[in-house]
């Protein structure tokens, strides 16, 4: 037994976890030293979040050992984990939508300190200080439910950083963040490390991973397949370990000059969100839209699909005006929308995977008197699940049992099965691993080859550059710039920041 | 002064109340009088305590329909115990007994909900039948109009009395203080203690609360015990003021109480609710129930009138919220 | 019919189980069973709902009782099920349902309108034959309550022209608390009201409480149908001036006895004596048997009726 | 899907309970409970509230509730009764009577649909929580029924009216046939039609339904119209069985219908529920109720037993992982406030 003094901060051995037959983790072991940042890498569904939940005491392992500072931990609960200094930024944020920003940030601290009475001043002060440390400005009294996703993520980060921690676990903390916030966060991680705090970092953005972590652990199908110092890994090698193969993203093929005009947006405006938006989309074109947080991209995307009612302007598809502010009219005109927040906006979590896809294609399988051709519907849905290579135990399983990336494909499958004319993808690869991401990019390319117009909204600059023919840059609700696809990444980053 | 916030339920319900009072005053100028006020305050005591209890549950993301059965059970068995075993027990002890019985029954709800993890609506729908069935089968179904002296005494204690021009009295019973006490205590728990904030947190997201280490079971258990205790208090006050312990009473009120709470802005989805709103909701319901004759609505149309007011009272804020949501996208 | 009393089953089905009124009726039913050795018992639904009562009768038919003594919650709603009972050879006796079609005999303690008039007479006397009065019914859908009140109003119009009815029939939903609130409201809306007449057994208790709290017991005249055990405390203080009722236990006994007579093939005739107080000389009108079984109770004689 | 798989879980356990209750009652009073008389009597009794339970179920699947079903039932019955009494008259016989019965039935359905439309608009368009909207509208429907009739019963139907609630069709009670047809129809609707699928998806996640271009307003409105029409049918059955129509018939059926739906495994927060479960719950309740009446168990004890049964079933279900607790779904990203008027 090593003496407690030189025992690693956290050590795991043989950790195994199964969910009703599905093995999420099998015999995983590694350790994290104080002041060290370890990256946990792996494809969607490889077991990263599960491992984190076990460390945080949220889920119980089936077998294996975990020790904090040499002390074996049995029956870990969220409270004992927090007391031991383990703080977690959950992939789904785990915030309280009905409480204010201040309270969300301060709650765990109050709980951890064992106060019985709450002191609002104390809570506010802590929240304010933490927000300042991260250099973000969010109204302390706003209810979290009213915040955009990115702000929610920032609040979740603040909550974990608010109090003294020995290990901070971050499960994809940057999915909704743009370059600037990511940079700030990475800066904070460096400072934390310097203070002796350990970090367990999960991200599909491999560049970030390699930038900030000393050590890399790679999971595949719930098993540890590689481990070593970050210096020994590059993106390609990491990708190979994660997926078991090489993944290469090809640049988009050139758009044929005679591509027909598919969609024309003119003078679209909504007070406080976006203004004077004009653009055309041609058949087979992939159009990227990028911008900083709050630049109005999401509002614009929702407006295209009728979920936001614009004040003025017009959207025409195939030369016909689309009624604004009506998702049904938009869908009918052939516009599809894959939302950014798949858990609340995209999925019917407790329904089967099949139904989640099938709901998009009811009309096509309708028979007389509203009766469905169920066999056809399910065959169709199954076919799309296959085409998008959704990894699922059974197609009748609840969609919530899938990993994030597979869930995203389910939403995609739903829209693709409707054969839309224009597909608006808001963050198509948010929380999706490199392997799946490349496949989704492949799908996008394939779609455009079939003449579909695709609008991709993303913060992921390489993604935009490899998939899009053109990229629009938004700032303060206006389109300020336009670039061709295949431009250098640095160029796009500069234009975004300017 | 902040400007009136028309997107808040509280403001809208307050406006509906004012409108209704104006209407009542126009049709009968003597509407604005002390007897009206004391009658309404008195009518709001039991409903108010119930509503506060229902609000706490709604905030936690649950729903409780069994509190009326708990109240009837606690009230009736306390009276029975007093009458048959301890006729001389002073009223504070009798009240404590009823509160205790209520808390014990609430604990049964709490066990099913917190420890077995069953859905709140279903558990309380079940215990509603169980408590009522047990009471009427095994405890008794005869009403007791010979209340023990201590309860009679309590019902005759007044905070103040006054005499109208025609020589009749108006008065506000001591029991009103119980409502005030319950409101203050609940306000303190909900807003000033970590327990209270945990109730809100659970209402926002149980899973998130669990993940940051809130002892969800303990909090839920507390909620249902607390609600049971409040129901026990409301029950014994009801019996004392009505000067009869009728085991058939109270059950059937639960949906109106929940309606009052939701009128006041509490969300059925949990996490949101205020005491101000709850009291305004109760005020509206009591006001409407007690003023239809004054306005001159014929008996045959009175339930239509109440229905319309519930719809207007909830419809305005709901419509407002929906428009705001549509504007924001 | 069955020969031995012990083989005879008579089910008394009341509007709702457990309440004071029908508990008292059950005493009569039990007494009948004890006196005669008949299997006589009483059942009632847990909720005041005609459909639940119909289902209960349905079950009684299925289990093969010989006779049914029914106090219908809503007589009309029971016609089909009682018809089925009679078709199955079951003797049916009803109570508080003078218009019931499918019954062998309906037993009425009295003519409802007369009973209402009796209450009105007392109230009018108390009021000195003039002033405003208000009436309360348990529910607007209750036939008997409406008959009492209508009888009372008609009697007042004919005999006490200086009295005036204020407001509608006030509906109390058979709930003392509602009666209390309605009474408060009536007292506010019509400050000069002197007479208040209740119908449901809890009405006068609710009214009495409101009257007592306002200290106007001496200025008002409160009458209505109730039982001493419900209204007693208000009779004592004078907040309620008088109540009228008929003894449910006697009615219960009488129904069972009547059912047995029918099964035995005994004749039921006008003017016959059922051998029970208030039913010594019944009036037969078609299928309806009327007694003169009402009792007027006030502070002076309430001790004689300990239920 | 194999039959076993289709019948697994909640519904299978309910089937066991129904059988156990039946056998227990049969053992406790073998000659009476198993008599043809009793079995037919039960078959006449339950359809009226079972149809109301179907109405509640449909609303519950969207995460809403319909507390106005009894009000709608009585109001529709009173309108139908008006036609039968005032236009047809008690003396109507033969094809004439049948025609008027059909006409009154149609009128009742229209009333039910309009009342349901009213609910649907309140909930889907104005965004009222279903529990309050239908509590309020239920008071209004009942109130209108009281105002129309002055509170008294309407009687004097043509004899043919009795057929609906008391007749036999090939030896089977007509109300039972009616219930069976409706249960099958609703079951079919829920599992085999786009509308049914949309109901369940909406109940699972109203926001996602909107994002999936489901016409949520139309779905919700149609749900309450359907619920209103089912209530109207129940109203007609009650009217026929009572040979009269009145504003306060079946007042205890609201809670009973909710209890049955929930016992039948319908998730009151929406998204899950099977008609077979509701049918089994209805049967269990009826066996229990009639059996206990035969044993002369107090009707209050019956409430006690119902309540205990409900909780017992829930405990058994939860032990086997049937989680329908609010906020339980594993990825607990809090559900956003349903501004789209999900009707909770």
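We call the chains A, B, C and D, going by the order they appear; numbering starts again at 1 in every chain.
Note that a contact is a pair of C-beta atoms (placed from the backbone, for glycine too) under 8 Å apart; a residue touches a chain by one contact, two chains touch by 3 or more.
All of these numbers come straight from a predicted model, not from anything done at the bench.
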From chain B, the most remote chain by mean C-alpha position
A
Chain pair, B-D or A-B, that carries the greater number of C-beta contacts
B-D
State, to the nearest whole Å, the distance from the C-alpha centre of chain B to the C-alpha centre of chain D.
29
Rounded to the nearest whole Å, what is the centre-to-centre distance of chain A and chain B, using the mean of the C-alpha atoms as each centre?
44
Between chain B and chain C, what's the gap in Å when you average each chain's C-alpha atoms?
34
Per the C-alpha means, the centres of chain C and chain D lie apart by a whole-Å value of 34
Hunt down the residues of chain A that sit against at least two other chains at once, touch-wise.
93-97, 307
Residues of chain C touching 2+ other chains?
17-18, 46, 140
Flagged in chain D as touching 2+ other chains are 146, 150-151, 298, 300, 302-303, 330, 332, 334-335, 337
Pull out all the chain pairs that touch, please.
A-B, A-D, B-C, B-D, C-D
Show which residues of chain B lie in contact with chain A when the two form their complex.
192-198, 200-201, 203-205, 207-215, 270-272, 326-327, 329
What residues on chain C touch chain D, complex-wise?
17-18, 41, 43-52, 54-56, 58-64, 74, 76-81, 84, 139-143, 146
In the complex with chain B, residue positions of chain A that touch it
56, 58, 77-79, 81-82, 88, 90, 93-99, 103, 107-108, 110-112, 115-118, 159, 270, 273, 299, 302-303, 307-309
Chain B - residues contacting chain C, complex:
28, 30-31, 33, 35-36, 39, 43, 133, 136, 141-143, 145-146, 166-171, 238, 242-244, 246-249, 289-294, 298-300, 302
Please give the residue numbers of chain D that touch chain C in the complex, ascending.
29, 32, 35, 37-38, 41-42, 44-45, 48-49, 146, 150-153, 155, 162, 165-166, 238, 241-244, 246-253, 289-290, 293-294, 296, 298-300, 302-303
